[in-house]
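What follows is a set of structures to go through.
Two complexes are shown next, each including chain A; its partner changes from chain B in the first to chain C in the second.
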Partner chain A sequence: MSISKVDLFLMVKGKHFENYQISNIYNRLTGLRESDWQAVYMQDFHDPTSIQVISVLAGSLGIDRFMLGDVGLGVAKLLTCGGFGVWTIVDWFLIQGVAKEKNGEKLRQTLAHMPNESEQE
Partner chain B sequence: MIQIRQFPYRPHDYETEKASNSYLMSLIAAIAGLPLPIVNLLATLFFYLSNRKGTYFVRWHCTQALVSQVFLLGTNSVGFWWTVSVFMGDVDFTNQYMGYMVTLVLFNLAEFAATIYTAIQTRKGIHVEWWFYGNLTHLICPAK
Partner chain C sequence: MKANRNNLYTFLGLGFILSYAWIGYQLLAVSRHAGLVVCPLKIVAGIPCPSCGSTRSLMEIFHGDFLSAAMINPLGFIIFLILSIGPIWLITDLISGSESLWITFNKLEKQLKRPGLAIPLVLLVLMNWAWNIIKEL
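Showing the complex of A and B:
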């Protein structure tokens, strides 16, 4: 039962994470207590595709960085008009990776407070 | 000019994507930044800095892209300011200038084609080393 929940979670949310994080997430979610699943499902992850689109359309205003929670970088990007265009172009190629890394970190922090069933026994 | 070599390990899919992006980004930056040659160097430098803690494959290809842009900056800057001087009337339009510009265009086209080829091959996980730049990259980017 628990395994299929993990599979379902990765099928739905898998694209929100970097490939190399998937196996760790799988191992960590396997054996998670039933009561903790609610918190995992409730997590709101950044959608890398949406962030990519926003970066292309409004990257020069730093909106992509604001959405990811990098307020300082967002302000810097806004004030410099996207780093005079250079930063905007660089972010087109970086922002999906940044979003996935942040999602992985967010999930890791959530799971850090949750013991799994094997640890309890 | 371009050699396919064996990399110390088989890179994962996410590594090949990032490595390939370093070449693609330098192309886009070069097109967007024309005629200023510094723009693509800055873009490649920022991309390299953001990936400096990445895996060896990603770092290696970001460094090769950066090294190639450094040499391109030198040659293109000379061409850019020589052209400005000719337009301002400070320097005459000479055969040397014409020869340099033709060479510069050919050099840029060769680099452009090589970059596209390398981006495609790197995306497939094939390790491509450029003549001279590849050896220089090995010196700058050790395996750790």
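Showing the complex of A and C:
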């Protein structure tokens, strides 16, 4: 995939991932075929900033965890008034990292099905 | 996968220990209706959250008064169920080395993500919340 497309992806979606994942993503994306660009770019990722806002506003109901797909943990958070208030506060600081990890995992799973151009040659 | 399972088991174990410590504290040290308020929503906004009153509900269940437990907060029964089955299941899994709790947890999570089940449950929780606010728990 051309460098400009990879740069565009990282510019638009870079803040959705952890810093340490960026170089891996860059390397993996540059090896992709041009035809896979659309599928990669159209992926929906959790926005860490909006998750952070949700966590501050409705964290004690577990809404942040529900949005990230951790339904079990969300129920646990809801049933315990946000983990007796402690878990809510801990999550204010952790939830962005959790969202970014989930995004990285999602991208990794998408890319796993796509062949690497350089390997094919 | 293995790491996720271990994380869940550690998390559940800690949760159960904390919950039982909290219940023990409520049973032993505090008179039933003058407990410590830990709910952040209630402290900040002054309105009860959907699960406010579940400690009182649990206390009523322990005293055998199921009707007043349901009147305070029906979620108490769900918590009672989780707290009575969960630790036994967790310990059996840890001893036998099986993964039945992890598998069931994942299946349950998948089920709960289905809109057909999720929407009615959310509505029920919201109704319960409205009832909590009306009751001024």
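Here is the rule we go by: the second predicted complex is superposed on the first by the 120 of 121 C-alpha atoms of A that agree within 3 Å, B and C clash if a C-alpha of one lies under 4 Å from a C-alpha of the other, contacts with A are read in each partner's own complex, and residues count from 1 in each chain.
Convention: a residue touches a chain if its C-beta (ideal position, glycine included) is under 8 Å from a C-beta of that chain, and two chains touch if they have at least 3 such contacts.
Treat the numbers as computed from the prediction; the structure is a model and nothing was measured.
Clash-free side-by-side placement of chain B and chain C is the outcome of superposition onto chain A. In the overlay built on the shared chain, the residue A:V75 is in contact with chain C alone; chain B does not reach it. Of the two partners, chain B and chain C, it is C that touches more residues of chain A. Of note, the Cα-centre angle with chain A at its vertex and chain B and chain C at its ends comes out at 60 degrees, rounded to the nearest 10. Once the two complexes are overlaid on the shared chain, A:L61 sits against chain C while remaining clear of chain B.
Of the two partner chains, both chain B and chain C are touched by A:G85. By the touch criterion stated above, A:E18 is placed in contact with chain B alone, chain C being left untouched.
In the superposition on chain A, A:L94 makes contact with chain B only, while chain C stays out of contact range. Once the two complexes are laid over each other on the shared chain, residue contacts for A:V53 go to neither chain B nor chain C. In the superposed pair of complexes, A:A39 makes contact with neither chain B nor chain C.
Here chain B and chain C sit at a least CA-CA distance of 8 Å once the structures share a frame through chain A.
Across the superposed pair, chain B and chain C both touch chain A at residues 85, 89. Interface residues of chain B facing chain A in the complex, by the touch rule stated above, are 12-14, 18, 21-22, 24-25, 28-29, 32-33, 39, 42-43, 46-47, 50. Those residues of chain A that touch chain B in the shared complex are 18-20, 83, 85-87, 89-90, 92-94, 97. On the chain A side of its complex with chain C, the touching residues are 60-61, 69-73, 75-76, 78-82, 84-85, 88-89.
Interface residues of chain C facing chain A in the complex, by the touch rule stated above, are 8, 11, 15, 18-19, 22, 38-43, 49-52, 54, 75, 78-79, 82, 105, 108-109, 112-113, 125.
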